[in-house]
């Protein structure tokens, strides 16, 4: 168990029955999508996201003739991934603000650990499609997307398109929150909807922080609380990095 | 093996290695989507479609106060379900003509065997999302959607919302085509893209035809060829009806 | 009168007052659109469709540098072509699924009888705009579009852009249905909305079938019924081919 | 011939072969659209517009419970109404600025002579669809739309929905322009595209002006020139009012 | 005070407290937008429009390789520029017909006094964004846009991109209307919404008319009334031309 | 000057010439928008955002009959607020992902300090329109929006619609980043585009944190760096709270 900063103590039970610093069972299944150059089905408990990486031999206009590559992401959710059916975004004719926010975050996280120059002028699009949602889909997406991206780069190396893997580090993400006054790790949907503060922490294998997004849903939070969440996230991502390493060894 | 009409003979091998009247291995896994009232993951060889049925207690405006229910369908494909990544329809801002054509067909097929009056004023939307595509996705969708719909109606009966199941019959679909001059059953993608004629046959458990769509991709076809395709489809759907029965027994 | 398969007999009167195998009066007026390279105003009774063929000296991206041409179609309906005014699709901001389904069908039918390689790299778009609707607009569109396309190709020959006419055969379409238990030819709107089964048959001048679309609106239909409809369609299109020949002679 | 203001003299020939104050042949054919409550096919030489008036028993939200009616217009052009094919607005997904400008003008012109209170809470939409374009389509639309609207109101009187015709006056429109230094009436496309100034004048049967839109395409114009155009328009609309009277008598 | 044509007399007070031929206080502040090549904040009383001119070194496709430049305009209104908040057009997903009509008018007016050939192949887009609206926004936009455009051309001369200023003349616009039977100059929102006739007059520094748009909101208007409005507009724009001259001198 | 955590030292000059913990000059001008119930023009150096609060007496559907109010925000940027002109979102037909992300953030921040129940069933929309952009527009928007919202609530109290002001606390935001290895406060555009890490900190008047968004643009950042940024933000927002208090006293 991690050390809580002074003033916090772990609750005995959360709605999920887990203790404060317990993650749900996480599994990463590489190669799940038959046609993609790299893919990974990731599960955080019930949450289930299929990540596929697609390689293209061209770059967006703003990168043409720069010798540099691009990594981007798109995010979607099956209409009935959720408890009640949501509108199909394709039928509605536009992606919601939430969808765009998440896919921008995934792309940014992946680029933070990719040497775009080492890619040469090629693009990889990682699609993260949520098959079942139970909280934490954006963190699961980032964590699984890294595996799909790694496998796609491996594929490029096998095809002699790349000599080295342009990934400089691992990246993984986990949500933490203040639930009933206590910092807890890896919120599921029921916890997330009642948390006072909700944060997503995106970290690298070497211990750096790529992005912190922490939001007070109810009362504002304090610096100490932020640090407690960060501590939980560090412990959680350490475990995810281990799972990623296993997944890419295949 | 079915009897071919005069003038046709089965080829020894198709690109898939199957004989003319052999279907791919078909599996139906009910209850795959945790949140949906009814669901079925259907596989035709590599092709894989997740069908979920969502119940809502209201009807579209044109049916209000008629005492009648509604069944409709939506169809989608994950961007990397295919060999090369396709645009995400939500990002492009509209559903393609092909998508709309297919989802209208699925909805029509399901309504053909549903007693809408017996439903009362409720709606069921069946989402058919293609996870992996290798030909025959619309036929797989219809066949799996019927199972998802049946399970959703069972759920309504268990909840005491319905007294009887409004499904009057089974419905299933299979593709057939003329490949290299010979009628063959259940085309995969490689066969479909080279077939001279391509047809989708939607049939009921009691032997009726709900819809026939046969299209000459190259040379026009003859009445005899149409009958040969219909014969294959009858044999193929007979097998699908058996699998559906097993799936709903759960 | 055609021979009905065993078990069917012609009714004495249909809502339209026609016997089972009687078509409405059909007229084809070539050259109706002053600016188009080819055009034809086609009437099936009250139904009235203006078909115009527009030649362009370039092809869609996927055909560039293939030496091959392209034929495509667009379909529209004036807002008050129908009994009650429909929304203007341009104002609504998108074409309905029905519109897209029909225009894809028209394009496919025309391409089935066109030697695209013989065209060289040019495109022809055939616009089919319904001025008055009374059932059978998609069949009228296909039949009239062929005349407009033929005239546009003749125009290209006169301009020395083409040496031979790339049309290999005629194509025409007619609807048939089961009305009150009996197969009938060429449904008008009143009949169509009450038919148990409704089919569109697209055939070539040399007797081949290009596309069959038959749909049970109520009870499923049988193989015998399908054959009866096909027989009616064969008789109906034979007459349309004669009218097309007169129209292109001008 | 009208009297030109000092300083202008009529040219002997325009591109169209007409003298300065000669209109093209104008015909108005009432009742052309079978399903509409009122309709009129109007031709100005080659220009051809089908105007249909559709009655609905409800009003837009901003007029609910005011006891007042509404008249509005929509404008469209068949893709090949013009010399080279234009994009179909429904396919492009939006109406152009020009289309919206014209349909707003038609609606405003019709409302200027309609007693909206006398209509009660009903709406009439007049669709003006250009079948062939050769200049002057917005003026032809207004002139024909008035006839369609009048016939729709007559229909409402025949159906006992209205006791009196809410039209207080006639409205008609004609274009005029400065061509090669001389004011000319009723520009066709060839003249319009070379005119230095181009104006649309919308007038009432009793001699009032409803709208003037005059635009310098090349050099600015003078007050005298504006008056000369207005004089031509007065003469032209006088003739249109006669034709409208004949058309509504049927 | 201008001379009114026979039969009109100036009212003593308008809702605004101004006499018939009095304009609101008009101020033009050049250089208000820090980043733009040319800009002008224009106020007509409370109405306030920020005009910015942006230079780009390319032209729209239809002008490529013609050696000619292009001037265009876009118009927008902040959601709360008006008394009650209007929808944000970006959120609604399209520009209204009114917006498009106005921005087309601004662009046309600017091009009427620009020597496009003298520009060479470059484009200038003038954005007119209404910060506060109280009637007359389109006229203020045109008047301020001319200053922004002039300053942008001056900037190009300073940068040695142009040798001479391609503006051949000034252009300014003012609204006039018939209010309570009397022609009045420069309507504010309260007057505009009650005026019987409403006109926009766009004139050049050398006295020519670029565009007249006069619309009867209630009863039709007469030729004499049109002339009275034109007289007021001439007096009003004379004053605007003086202000423009001061503004570009800086 | 704030105390930097061990290991950091302030650089002597930043691109802006400011020391590490110096903010740009900030001014808040209340009541700038004549028609809005509350408004504030806020400047952070050159960055300039007009914030207007619009009161409506109804709530979105999901809040009807809950007795609770709603506060939301929309964000926009004039096309030439930036160094090079950006597309007008209204013309492009959709808001960018960035725009949606920012307006969701503003709305969330305002709701964090508003007692929605105390509002009763009314809505306030705060529009934040960037007139000039030079970095920090989202933070300026939040800080100015709070003033506009406060003034709108005061207006409601003056109108006797509310008895007390539903704002429970102040909220303000400031950006901080790691520039050239050193934590700096309030990045302008030039600094922001070269910063290694970029963060937005949204805080309440009573010292709580509402939202932290920190992103590594280059190398990942450490926990110590995050704390340094938080320290700077605390100092910066303290100053903003003072300015807000002055602005609402008006």
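First chain written, first letter: the chains are A, B, C, D, E and F, and each begins at residue 1.
Keep this in mind: a contact is a pair of C-beta atoms (placed from the backbone, for glycine too) under 8 Å apart; a residue touches a chain by one contact, two chains touch by 3 or more.
The model shown is predicted, which means the values in this text are computed figures rather than measured ones.
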Any chain that touches chain F and chain B:
A
Can you name the chains that touch chain E as well as chain F?
none
Assuming a repeat means more than half of the contact pairs shared by residue number, which candidate in C-D, E-F or B-C repeats A-F?
B-C
Between chain A and chain C, what distance separates the C-alpha centroids? Give it in angstrom.
52
Touching two or more other chains, which residues of chain D qualify?
93-94
Ring chains in order, chain A leading off, chain F next?
A, F, E, D, C, B
Residues of chain E touching chain D in the complex
94, 97-98, 100-101, 103-104, 108, 112, 199, 203-204, 206-216, 219-223, 226-227, 230
So in the complex, the part of chain E that touches chain F is made up of which residues?
33-36, 39, 46, 50, 52, 54, 56, 74, 76, 78-85, 88-95, 99, 125, 127, 129, 131-132
